[in-house]
């Protein structure tokens, strides 16, 4: 009956998402039959699920990329254009899978310390990943919207996962209220898009918009509301205030998770919307984005300076990074979008690296997200300190770390498109950023430690650190393959 | 006579909806707010009927009023709201809030109004809305099958999440 | 032969390899670590000596070329090569780097392992800056150095180390990121002309750009390099960094790091932006800043109460000479400025070693704390005397050669500039002799100084190479001039294509040729 | 007398939307804030259905259904979190959630 | 062996000695040190002797030995637009001029070294002293033997440093090290002039080699009085005033007397201070082509001679008297060069080296005998007690005042005569100044003689107690120098006295082009009768005699007269004061606040006005550098701090905005949206 409308291809494309969903359910099932001691198996199972998803996607026999390569197609439409699996989507799916896997690895130890080791946690993480995937490959307003909601609602839950911790509750509730609020605004815009195109397919909307007379109020309203909604999701000023709170309140491992995957997904969403349906009215949203980008970098960097809580500081730094990535969208050429893609990739690794250290700071008697908790880390655990240093340098964008490559393309695109002033502002904020990152470095390297207890690096954390470090340095020193990849990626959404 | 009535119907409903809305957000007692929300939602449902969206109207009544609002009422019962009701109702920033919201309304209105002549929607492809339920079903299971599936996951997550968060102690 | 082909890579990465080796050693065994670090850096120096034999000064252009595709997608290559200018600076770096390691033997007592690792990484970074022929790679090394230097100051520094360290870092970072934008400007202009994306320095050095674009890029570069030099208004990080840094830090800072700015001017600003560099406004601005730096630095150091700070300000003055020499844009000015870079590395580096030696004994640098040291430390006094003399430009020592040639070049362009510059020499004598008198001469009244030991063999060995080099340049500078002849000529021909030409057309009998006349008038306004 | 122009529906929805916004901005009681959000979503739905009616395509209605689903989910989770918070803090006032600032 | 080939070794012997001393001298036994250091100088003296003898046999009397190209600079554009290459050899030129110089330097130097062995015995840092002394010999010989200005400058600076070190030799005496610094700075100021002069030279001639420069200058390309050449010579002259202690840069020399006496003898009498004169003689062609400069030179020289002599009269410190006398005599030499009598200048340089060295060493011997006493008021009646010293001193005194047959007589009279008949003009005035100065010279020297060796003894008892003649190692040099002071002048007996001025002829090839150039300017080389010359000689001798007589009357016959004189002198001075108000002006200007005490007016003038000027300059320097420090710390650095602080300040409103309340957040979202709308509405 279904085959009448749907071919096996449709489901083939969905394979990773489906696998993740199945394993999510599986985790919940098995969770019930696991003893308290064995709960780690949930994590293992979740990882296995991600592994299968990755396998079903990858460029090896049985993997989607392999088949696409065989068939020589660069993009596959499915579900009557509801989703489209192109290089762009695949690139992001990989980011989601990797980041989720690493975050799960971080969670294992963390949940032990919090004594919240339960299967649903991992299930929800997997489902959130599913949501992200739809954000990356959706070509239909409704699909995108549902994917978005699946993702954010999962993240709300995870943020509030520490039920006994008031900071966690508050963070979750704030995040949810504001998220719902912004979803409302976003939906309002979407409804108007539907109204003026009689469709929810992005490409049809694009053509519809391009046929509207310029200065058309409907277009204006929808563009503005949608822009506001999207900017909220990436935490751009002035729609950013949920972000520091959510970062601070969420469990360490979840902060790591939400600072990478959902952020990337939001950017994928943002790019899709701005590059496809809203491309025709670029001159409409460009000035807004320029203003917002400057405000974002300014506020993000300046308020990070005065933070004493490391997670919160990283929250503000995440805001400023979002500002940098917006610059790529402002430039709007292939260099810029490529920059965003690479930036997200490296941002994932360096950020997870930092959070891995923070997670391992957590002890029964210490929350470990205050900057001062890191005092004299070099004495307590030199490895962690040095790794932290490298990740922070990468965040600041000092070569030869990956962070520099990310910023490199952003600045390059700005110069290329003659946004000189913007470029100068951006590079100057690099110095400011360095200033607050190095406040952490100073604490780690030039203070006497409060206590000399060694840091216990759990295997999961070790692995995460290893991967993050390897990638941060590798991308920084030999970025060529990744640049190629990104170039290939952005082809599919560039006009 | 055939058109006057529906028009009047629309404006009455609009009045109900807006009035209900205003009253909803001004109630001191959350229970009253929820009740008045029901009124508003009913108004909207009526509007759906008026717009030949019978199925949606039904959903509105069943899910919204029968589900969500009841959920609200449950929670309201669950959490003790005496002192909440006794305390100050409006946040300190309410004047600013209202001003901005008003500004938003004005601007929305301005833009919609300004573009009166340019203000047209995509032309219909000559489709039809009847029989409504069948069409909706077809759309839902054909064009929007994928979102539908996602919706199921979404509800699953919401359910699990609500349980995980709200339950007193899990073990 | 593999080794001959990759000599530069070997020289450059040897310290880094050493750092890796140190990582493996137990941090408890300090002496082993010290020994290893010394051996490594000394080996590095020895290997670099091979360059001296293999370098052929007669063929201009770059030598020991190495080129490997690195990031083809943006046109960046791993390409190394040195010409006369970078050759000298590389040698300076390897020597100073070794001395820095040597002089820290007893000065550094805690976190020894870290310390040497930073030093060695820094060494690789500095060598990379001077060796690379790819702008992208250059920028990487340029930034890489900041981090170890930051730690050297921030961890082993004096009381205000944190302030000094971050100030150093931020200052230089701001400069270099703006420079990065300038690099992009060149990058795109080249692309718009040739359609290829490349960071290849020789290629970028042969473009013709509109003047206004050149001026913009020049401004971007200027900020980057001027902060590093440091030129007059940007110099305030220097005294802090120097005073707070440990001896080795100051030595490297003065000996090598500062040269990167001037090297940048020579390698990038002049050849890549000839019209901008030639522009009268630019020239007069640069020269003015340099002259201010010369006099100002000297005056300020005249009044310092802190021994090390005095030396720090003196290098502001000396770097002023160097920039002056660069921007008079004639062969003698530029040649002199390069020689003066080496000289400054030798003299000021040695002066910091001198300060370090006494600081290690007395843990104070207040000049008023000392006096009459020559009674208890005669050898020290003698070496200090020689170094001081070389720094104040006494003939037969290196300083004189550099300053004389620079000022000759300046005189050729503008008599007044030269006169002001010469006054700098007089002041130089003033503050150094006063310092020498207050510390070495006079009565030995301070009890604490009565028991001071004269320098030991290791300290002697740290100073003696510099002294020898100082005399070498002072007495037989010919090889240096010979090495610099071709590169300098290339630069001058690029910046002032008519320099040699006009000169030839004008016959001895008649007045300066018209073009030459314009040159004069252009640069005198 | 012609049928009601869609623009009026849009006006209506804009008004309802604003009411919801005002509720979110001014009420201290988190529950009522959630209710206000429901109002905003309903405003969106009015738009969608009005368009679908005018365009004679049910897509809008389907979209509206999904919006309702979303509203349900958000409400459920939101209330769940609220309960958790209430357990710890005995309050439902928005401006008493002030552990984290700056 | 061929000494000419080896002239480059001449400076190297002392250099070797110096290096030896400074590196391992501390470990060497004193005896060895006192053998090596004078030894090296002695060897170079022998080499010089040999070289000069061989030079005499050469036809063109000039030998150039180039070791290697020292500074092979890059190309540069000369004034006329041709390309030239900055190149300076490490090369030596032996010609009559330099031959005279090296003989004087090495000869006198050797004697003084020997003398020092005795004088410095007992001092600690003996080896260091000799090391510096040898270093000085190296520099001085490089200076005189160089074949180009740049290499000359090497020696020029080198001697400066050595004098700095040797004056500061008494480390523990603050005044000494101050004096050393003052000397070096004063010299440095002069050197700045020399450097600029060399630049100009390069620009004009494209080279700094003597032969090239002189050759081009004489080539007729430049008319006499060419602006560039005048400027060039003036710049060089700045350096000369510094080195040869001419007004206004002479102030360092008297202070330099803080150094050990042999140093004063060697550096501040015999050799270093004469470097300036040598430089003029060396550049004679250039100066000859710049009459304006010549006028300046002559004027400065004459004034310095008179000025210093007057000061010398009023001194009581025996070494200071000699110091001012040196300044005055240097004035003579510069004057000689100024009037184009280069030969005479060199001649006087030589004789002066002899008797002034002798005077200093004698004074040193006296001081040594009196165990460190330098004040003449605490001496007297030493004639018998230290016979050799006093006899030799007597000879020197006769020589300096120009007693016939003594060396000073010939050189000084030649200067006076040539000044009188000099072709450039204004000769008479200069002559009168010089003549008067001669009288003053006789006065102060014999004042010194009488106060020191005759009259009643004013020596303190314990000094009296171990009063002794110096050891032979000190006296023998005295005797040799005495002989030279007596007979040294005979190689320059002018024709009029039946002699054939050998020195003049010897030097002729060097100064010929200069004389030609001058002759070209001279209106008419009028032939002067011998009678006139005899008359002038008699006159100068008479003046000297008068001076001696006056000294005898005031400072030996009855000292009361001198007291009266002093009072009446001060009366006269006060009269002048009230007439010109010079001192008020100076005091207000320089020495503000300092009370006018008793003591000798002229030395006060020196101490307050000139030093006051120096101090004033120093004060100004301090002020400016204070200002620049202030600027540095407050303005520039302040800006940085402010920006750092500004960052923190900026983050404050952020904190206000970020209340952490959910509804503020929602509000800011809404505001953002509203702003978006307004932007398009108001656009």
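Labels A, B, C, D and E are assigned to the chains in the order they are written; within every chain, residues are numbered from 1.
What we mean here is this: contacts are C-beta pairs under 8 Å (C-beta built on N, C-alpha and C of every residue); 3 or more make two chains touch, one makes a residue touch a chain.
On a predicted model such as this, the values are computed, not experimentally measured, just so you know.
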Partner chains shared by chain B and chain D (touch criterion as defined above): A, E
Partner chains shared by chain C and chain D (touch criterion as defined above): A, E
Pair joined by the larger number of C-beta contacts - C-E, B-E: C-E
Chain whose Cα centroid lies at the greatest distance from that of chain D: E
Greatest separation from chain A - chain, by CA centre: E
Gap in Å, rounded to a whole number, between the CA centres of chain B and chain A: 31
Distance from chain C to chain A - Cα centre to Cα centre, in angstrom: 44
Chain A and chain E: spacing of chain centres that average the CA atoms, whole Å: 80
Distance between the centres, which are taken as Cα means, of chain E and chain D, whole angstrom: 98
Per-residue overlap in chain D, given as positions that touch at least 2 other chains: 6, 20-21, 24-26, 33-34, 50-51, 54-55, 57, 59, 62, 66, 70, 73-74, 77, 80-82, 84, 87, 94-95, 97, 99-100, 102
Interface hub residues of chain B, defined as touching at least two other chains: 91, 93, 97, 100-101, 104, 108, 111-112, 119, 121-125, 143-144, 147, 151, 154, 157-158, 161, 164-165
Sequence positions of chain C contacting 2 or more other chains: none
All pairs of touching chains, each written as two labels joined by a dash: A-B, A-C, A-D, A-E, B-D, B-E, C-E, D-E
Chain C contact footprint on chain E (complex, rising order): 22, 26, 68-77, 79-83, 86, 90, 128, 150, 153-154, 157-158, 161, 164-165, 168, 171-172, 174, 177-178, 180-181, 184-185, 188-189, 191-192, 195-196, 199-200, 202-203, 621-622, 624-626, 628-629, 632, 636-637, 640
Of chain D, residues touching chain E in the complex: 21, 24-26, 33, 94-95, 97-102
Chain C-touching residues of chain A, taken from the complex the two chains share: 378, 393, 398-400, 404, 411-412, 415-416, 420, 423-424, 427-428, 430-431, 434-435, 438, 442, 445-446, 478-480, 483-484, 487
Contact footprint of chain A on chain B as seen in their complex: 108, 111-112, 114-115, 118-119, 121-125, 142-147, 150-151, 153-154, 156-158, 160-161, 164-165, 170-171
Residues of chain D that touch chain B when the two form their complex: 1-4, 6-8, 10-12, 14-16, 18-23, 25-29, 31-32, 34-36, 38-39, 42, 45-46, 49-59, 61-62, 64-66, 68-77, 79-84, 86-87, 90-95
